[in-house]
Every structure is written in structure tokens, then in C-alpha cells.
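After this come two complexes, each holding chain A, first together with chain B and then together with chain C.
And now, the complex of A and B:
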């Protein structure tokens, strides 16, 4: 465990310093991870927040997690806390239930989030009210088990989260793999839609669900926009049919030469293993850190990244590279 | 909750291309960590943890059971028929899932194995009980008899699933083997009092369960598309329509087989699976036995390997 904690501290620091340009803003984690009962470093005047308690005039943490400070308020967010949500957050979720005019979506929050039929773009693309025919066809838009990206729209009285997908960038996800990480380890970024190297893209949901897939080609992106304009069913995401698979070999956005689909798949697996490896070492995830680690890992077969020792080496190597980059 | 069609397709395509979603080849297993003697109150215990996979805790407890009318009344319990046949002694297995795991179906992203958790644990307990109470288990069940047809030892094997990450039965059997090898039961001696047989249980002398080292291990082959994989993740398990658990002993003999899933298969695939299992398990047993028998209460890792 000694080795892991060493990595933990150092990686947290480097991850934090590295993402400064993005501006975590007030209330960002201040690089310190605490365990239950650990004294918190506070100034003379402070406000006691969640996850803390007072003993013998000292402020102690009651959970294992990261310390957040907003002005004088000191709170600790547990690493395995459920996702609480903020308006505007990009999240990845899975449909759990189809209701009469709503979908219940699992986003690892305390309750299922709700996606109303009126908060999705209807197939014709024109802004219109949803009617009974739409209600009857709800399962053809999203069915149980489907994975989608969406945005937090607001909260209900009982604390349930309301979602919406009223933008071209949100919708059903296909041709990839989902990974669940603790939401406390996903850092708030400028954009949570990340394009990585070698034909891999990722949606880093703030709820801790990460979707890794191949980057759609320029044509596919155009085609999707076209579909959205209302000629076909927009909800048949690209790649959800077997016929779409050979398209992976075609041009990928930004690159003219076709990428080998097998190589893209292996890179997807590498990114997945890197994310899990970082999370096991309790490192805060950012787009640049994941990109850097998976770049270092590229020389290795994806399978080898399952070995904790190999993963340690990769992370240490990445850290050195990042430090050199900073200097 | 099942996976989406797109995810299932992605996983199945990966298996067809020999690149699974975690990068392994179809016939690669994950690393397992074994720890014996983890529960002080139990007569024998073991914990098995698969890297990013299932985690189970097995506790074994022994109790004297008198075969009288009362126990015959409760004859629905597994193994009792066999116990009566051989004059006493049986192994009772129960597999339960930790409530926090059961609530999510074990899934880490809202998707479970596609099967209810009770279904998985029930099937697992059934298989374990059938295997351990049969002659093929290698356990000397006759040594559990204290007074023939009257008194015998009952070994309770309680399995708690702490984390569900696919391939449950193989892990449960491995941990059960660990727990039974770790088992120390009090020595029972038979006395003759006034011409009637009675028994005495020693308070300090213990003995091992005879034949526990010979318990076979299982490899479950899951068919996905035209190929089969071993040690699947929960997602891959959901892609499979047929699985065959094959328990093999150190001599390479198949001791037990059990199929699950709705799929039907050609005999040749079953034969391939069996041939694979008989090759792989003796190797696995060698590593596992080394870990179980050599360790006291310390953790040792069994490296996953390819055959």
C-alpha cells in the first residue's frame, strides 16, 4: 500500500498543477486527500461544512475524501459519495425505466434522474410539442439499457435530477464501452467531450460514468447532423448496427488516412485500463492526464496494463514527462 | 438491467477479434488473490478476490448432527439424502449476496449481469452442494460419520458475495476449497458406555477435513458468438447465451459439469470446452494448492495464466 499512497499524493499534486489553465475555480479540491479522523488544516475562523466534526477544538474529517474550501466554509466530499449534480453538468446515464412521458435514468445519484419526453429533441427536428404518437414511440427513441449523454437541467422538489438532451451533442451512445468511476474523482473541465489521439473519443461524465468510443469520421458527423434535420430517425445512433462497423476503417475526423479498426479498439481498451488504473490509485481524472497516460501506454499491449506494476511504471513515466513539460 | 444493444455488440465484436474489453485474449484469466483464515470465529475461512472482478468470503463451520426423526423431517435440505445413504455427515452450502451488491445487481454502471442476483447465487449454491456432496469432490465424506446412522458432522459452507464481477462459480469454488483446506474440526471419539455407543468431542484436539486438498476446481466456459471465453466480466457474461461449468481434479478427470443459459450448442463445442478445461485446471490446481497449503494467514497472489 505504501507504493500506492506515494503515487496518490504525487499524482494528485501533478494532476492539480497540470490542469490549472482550466481554472478549477473556487471550491475546487485543494490537493489534500484526508481519511476519517484526520485533522483538517484550517485558519483561525472557519465554517464547519459537510463531512467534518469538531473534537477538542479541532476540526476533523468524518469521511475519506477530498477537502473543499469555499471562502471560510470547509467541507470534505467522500470519494464514494453519490453524485449530487449541478445545473449544466454533462453526465452519462443509462435508461432504467420507460414511463408514460418520461425515462428514468441511472446517473449514480441518490435517486434515478428523470428525462422528460418534452426535454428531448423529437425526430422531425422541428421545435414542437410532443403528442400521443411520440409517447407511443418512446421506446424507439431510448429503451431500457441504452446509454446516453445528457445535461442536468434542474432539480425536482424531492431532489431528483431533471435531465435534457436538447442539443446535437447529446443523445444515444454507441460503438464503445462504459466505465464507472467515483464521481468525486472527475474534475470539472471546460469540455467533457474529449477527443484523444488515435481515433478515440471520450465523454467524461461528471457523475463518474465515462464513455469511451471511437471518434466518428467527419462524414459521419455530417450525416448525423443531416439526420437530426429530420429525414431519418436520429435516435439510431451511428455504429449501433453491424453494417456501421466497417465505417470505422474510414477517415476519422482530423485525419485523412484510414485507421485500423483493430488498432482503434485496442486504444479504446488502453484508455479504459488507464482510467481504471488511475482511479484505483485515487487520482483525480482530467482530460489531459488521461490523454498523457494513454499516450505513454501506447507502446504497450493493452493487456499488460492490467498488471498493477506496469500501470505504476506508466503513471510514474507520465508524471516525469509532465514535469519536464512544465519546466 | 441489461446492457444496451450497442455495448453488447461492441463486447461481442471484441471477443471475435480476440481483444476483450479489458484487453485480454478469450482464454486469459484475471489475477486472483487468496487469503485463508480470515474469520477467527469460523472453523475455516477464505477470501478470494479477482482483480477488478468478483470478491467472495467463505466461512466453514462444523456441527454435530443427530440423524433422528427431527432431522429427517427437515429432509429437504441438500445433502441429507446422501448423508443418510452413507450413515451420516454432509456438507451444506449456501451462497448469499451482500445487500449493497444485490441492490445494484453488481453492476457498476447501472447494468448488471442481465440475470437476477438471487438466480446467480442460487445456481451457484446448488452446484457447490451437488459437487461437494458427491464422491467426485474428493472429500472423504465417510470420515464425517461419527456413529454410523446416528451421529455425524455437518459442515456448513457459507459463502458471502462481496462483489460481483462475473464468473462467480469458479471463484466460489476456489474460495470454498481454500476454506475447507483451512478447516480444523474438533476430534470426535466414540465411547462405549453400558453397551451403548456414545461420543466425546475433544476441546483441544483438532483434525483436518480429509480429502479437502483433492477438491477439484472449475473453469466455466461462456459462449459468445462462435467462440468461448473464460473468466468473463459482468458485461461479457451478459453477451453469452450459454455457459458450461466444468470441474476437473488434479488428475485431469472431469468431476462435474453444469450448463446454464438458454442457448443450445453443438457437441463439438462442448468437447472443445472440456478438452480446454482438462488441460487448464490441473495447472491452475498446482498454483492454487501451492498458495492454499503453503500460506498461513498471509495473502498470496495466484497469477492468472494462459494455457
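And now, the complex of A and C:
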């Protein structure tokens, strides 16, 4: 249930003092909200994007949502619309079905996405030989119900999304929490692999599935990188080295002392509850925002964050801190 | 003694004028597990709708290669009417309502954008107090918009009856059971195209036009209310974020 928060709505009216949260200049949402059938106030030379249609030479909205303009392309995005992928998007998905040479993956798109056996890196990075033994072993790589991170590779004729996991960054996810949020509330970021404070990492899937887990220790990451370094990745460009893992390892190098696993777990839950709280208030999610809110929430027990009043206070406090930070 | 539908002073039994709608109340985004949902009250008629999709069809054999399939389930709660009806059985009247809802919304939803997928609409009538079909159509319309499914327009519906020499708008149960002819009209308000027209009982052709006109007026009023609600419900909140 959407909680109309007066704390947040107030900021809509008083634009001064607030930075434009979505960077409207760079293809972000404008302040315009439109409803189905409403004429979009643009010239006819504009290109019609998602959520719009042409009638009698006029561009109309087909959904209720926020208007986005990128150069001459106009699109309208509804909050609860299903994910319509873009090539290169990082997504988190769940295996629904194991086929003969493919997995069907739920990424909350309008059809199941397809991950071909030929688009995955097998464990230990050995190049796959295409034969039946491999196909027979598919369930040992990904089983029904497994959660994985992957990338949108392309589209099939009927609009189904093709995925791949041909990079060290992607693969099966374990020991964490998945939160499903509306995909329209996930902002496109430089990196969707986010390392948060206190030993928590997060993958902000552009499809609205968010994976929160413990940040692997530097040692674990080194071990993993080493494992792959031996067998050079066939699919990567020649000369490229697996980069993601060591970089992330550096990021947590400062926190070398082992963290209390219980505390990490509770922080994971805090992050989850903060995300849910922000989504309930229809706030666009970014890495920095989630980091800031969960930092403020650090002093509270994870359970309390589910209380709407407590969450309001946390968000208000975060906003004040961020404002001070800006000044 | 038969009580009058419209009193000599021009009031109906619930205090409305003949051309007056009942008070309506809307809510959307009620559930997390479905893509869209809506709850609509028109007077004492209450309706709850959930929409899932466009999604992978649950029965793949039913999918179409060029557009989405719209399926509608229509159910009436056992406690919804004055007399309690036992456990739900497949009811021919309900199947008919479901079919008419499906036809109505296939006209508004841009199904060709979603080949090989399914849009599932579940309608649950919580309380019946007349104009059930109209309320269901309005609720489905809101739920579809809540789910972010592209439509060419809202679909708004309204019913009207004809008594004496004048039409009356938005019938309640009491008026419905008086046995007057009742017309339910569903409209695409922007173009004023009629997508569904349902008639209960006989009505003289001469009286059809004033009745339909009143229905249309009611549909447009519903549109104003629904659109105002959707406009306020679909705003994104803004929150300051640290400058990068």
C-alpha cells in the first residue's frame, strides 16, 4: 500500500534548496506526471517512446506516470510497469525452468527471459564444449529457484529478453536476501554492484530485483580471482583480466578485521527494510541514497524500521544530513 | 404499497436527484504480489480487482504470437448480497460478466505490444448494491492503469434506468429490484466511443437515447473523478540525493 508521506511530498512543492534528485537534464524524469490519454506537450517532431502513442498527429500518453525526455525521444514510465530491458542492463533473476539448452529466468519482464547454455561461463571458467553431457549437467549449474545476476544481451523477435553471464561479475547468488521493487524506481547507475558499509554489498538489478548480501572478504575474493586467473576466460576480450573482483576487494580492504556475522546479517536486513521503506514512499532508488538511509538506520534494530513512523523519521533525518552535506 | 422511485419533490429514496451519481471512493496499489490492484466503492457497491501481467502465460498453449491474451475471472463473495449464497460454483451469469469485461478491456489495452504474454484480471465483488458491472469496469480500469499497462484511454462505466418518463442515473439495489429497465454503458471518455452496452429488460426505443445520454454524462463524471485520483497517485516523491 502506498504511503503518501507528507515528509516527502513537501519537497515537491519547494524546489529551492533541493538538488534535482534525478538529474532531469540527462534524460531523467521531469516533474510532469501524466495520465492515460493525456496529450504530451511536445512538438510533433518528437519520437514516441514507451508509454506513448500517436493519434491524429498528436502524441498521447498511454500510461499514468512520469514523463522522460532524452533529446527528441519522449517516453512515459509508470511506477508499476513491468521491466522492459535494455541491452547491457545488469539484472537479478530467478531460474524458473531448466530447458534442453536454456534456462527460463524470471526477471519480472513481460515474458520469461532466456539464458542459453552457450551464454554462461561454467564454473572454473573452462570453455564449454558443446555436447550432450554438458546439457545433461545443466541442473548442476543453475537449478529452479536459484537466484543469479546477469546482463541483458539482446532481444528475440517476440520481445523476449536474452541474458548472458559471461563475466566474472555475474553468476549464481547465495547467502543473501532478494527484494523485489518496481523496476521504474531503480535509477540507472554507473555501477549496479554496490559495496555498502558494515560488510554489506548489494546488486541493484535494473529489473527491480535487488540482491543484498555480505561483502566477501578480501581473501575470499582473491581466492576466487585466482581460481579464474588460471583458466583464462575464453569469452573476455584477449588480454583482459578479470577486473571486478579485485576492485571490489580493494574497496573492502580497509575493513580487514573480521566482522561479527550476526551484525552483518542484521545490517543486511536493515538495508532491505530501508529499500522497502523508500519504495513505499515512491522514492527513486540510488546507491548513495540507500547507503545514506541505511547509515542513519544503523542505530536502530532492523525490525523497528518496518514501522512507518520510524521510517519517516529515518528518512527525514537522512534528508537533513544530506542537505547539510550539500551546503 | 409500492414506493416511488422518484418522489414528487424530485428525490430518490437515498436522497439523490435523478441525474446524481453515488459517492465513489478509489484506492490503488493495495497488494505487493500483483502488478496492479484497485478497490472501488460506488455507494455501497464494493469491488476489488487485481491485475497480473503482462507476464509469461501460465498455460503456454493459450498464448498468441501477435498479442497478449486478456483473461478475466469474476467472482462474487458469498456475503456480498442480502442473502448469503453458498460456496462459489461456476455461475453462467458470472461467466457472462467475465466475457463482457474481457471484450471491454481488449478494446482499450494495447495488447499488440505484448506478444506471447498474458494479462490476468481478477475481479472480486465484495458487496452488491446495484450497478455491479459498472463498478467492476471502473475498478478494472483503475487496476490496469495501476499496473502500468498501456491503454488508449480509460474505460469508465455507469448505469441508468428509466422510470415514468425520465431516466435515473446509477441505480442502487432497491431501484434495480424495482424491475425497471437498466442500461449499463462503458465509454472511452476521450473519444466518447462506446465499448460496452448492456441492457436489462425492455426499453422503448424512444427512451433509449435520453437514457444513454444520461449514462454518458455519468461516465464522463466518473472519468473526472478517476483521472483526478490517478493523477495524484502516480506522482513520484522527490528526495534530496548527495551530489555525485
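The criterion applied here is as follows: the second predicted complex is superposed on the first by the 230 of 327 C-alpha atoms of A that agree within 3 Å, B and C clash if a C-alpha of one lies under 4 Å from a C-alpha of the other, contacts with A are read in each partner's own complex, and residues count from 1 in each chain.
Definition applied: a residue touches a chain if its C-beta (ideal position, glycine included) is under 8 Å from a C-beta of that chain, and two chains touch if they have at least 3 such contacts.
Predicted, not measured: the structure shown is a model, and the values here were computed from it.
Shared-chain residue A:79: touches chain C; no touch with chain B.
Look at A:269: by the touch rule set out above, it reaches chain B but stays clear of chain C.
Judged by the touch definition given at the top, the superposed model places A:159 against chain C, while chain B stays out of reach. Of the two partner chains placed by the overlay, neither chain B nor chain C lies in contact with A:296. With both complexes superposed, C is the one of chain B and chain C in contact with more chain A residues.
When the two complexes are laid over each other on chain A, chain A has residues 96, 106, 180 in contact with both chain B and chain C.
In the complex of the two chains, the chain A residues touching chain B come out as 93-94, 96, 106, 108, 143-147, 172-180, 209, 237, 239-240, 242, 245, 262, 265-266, 269-270, 272-273, 276, 301-306.
Only residues 1-7, 9-11, 13-14, 17, 19-25, 28, 30-31, 51-52, 108-111, 235 of chain B touch chain A when the two sit together in their complex. The part of chain A that touches chain C in the complex is made up of residues 1-2, 5, 8-9, 11-12, 18-19, 21-22, 29, 33, 35-37, 51, 53, 55, 62-66, 77-82, 96, 104, 106, 110-112, 158-160, 180, 184-185, 278, 281-284, 286, 288-289, 292, 315, 319, 322-323, 325-326. Put simply, chain C touches chain A in their complex at residues 28-30, 32, 35-36, 53-56, 65, 68, 110, 114-117, 145-154, 189-190, 227, 230-231, 233-244.
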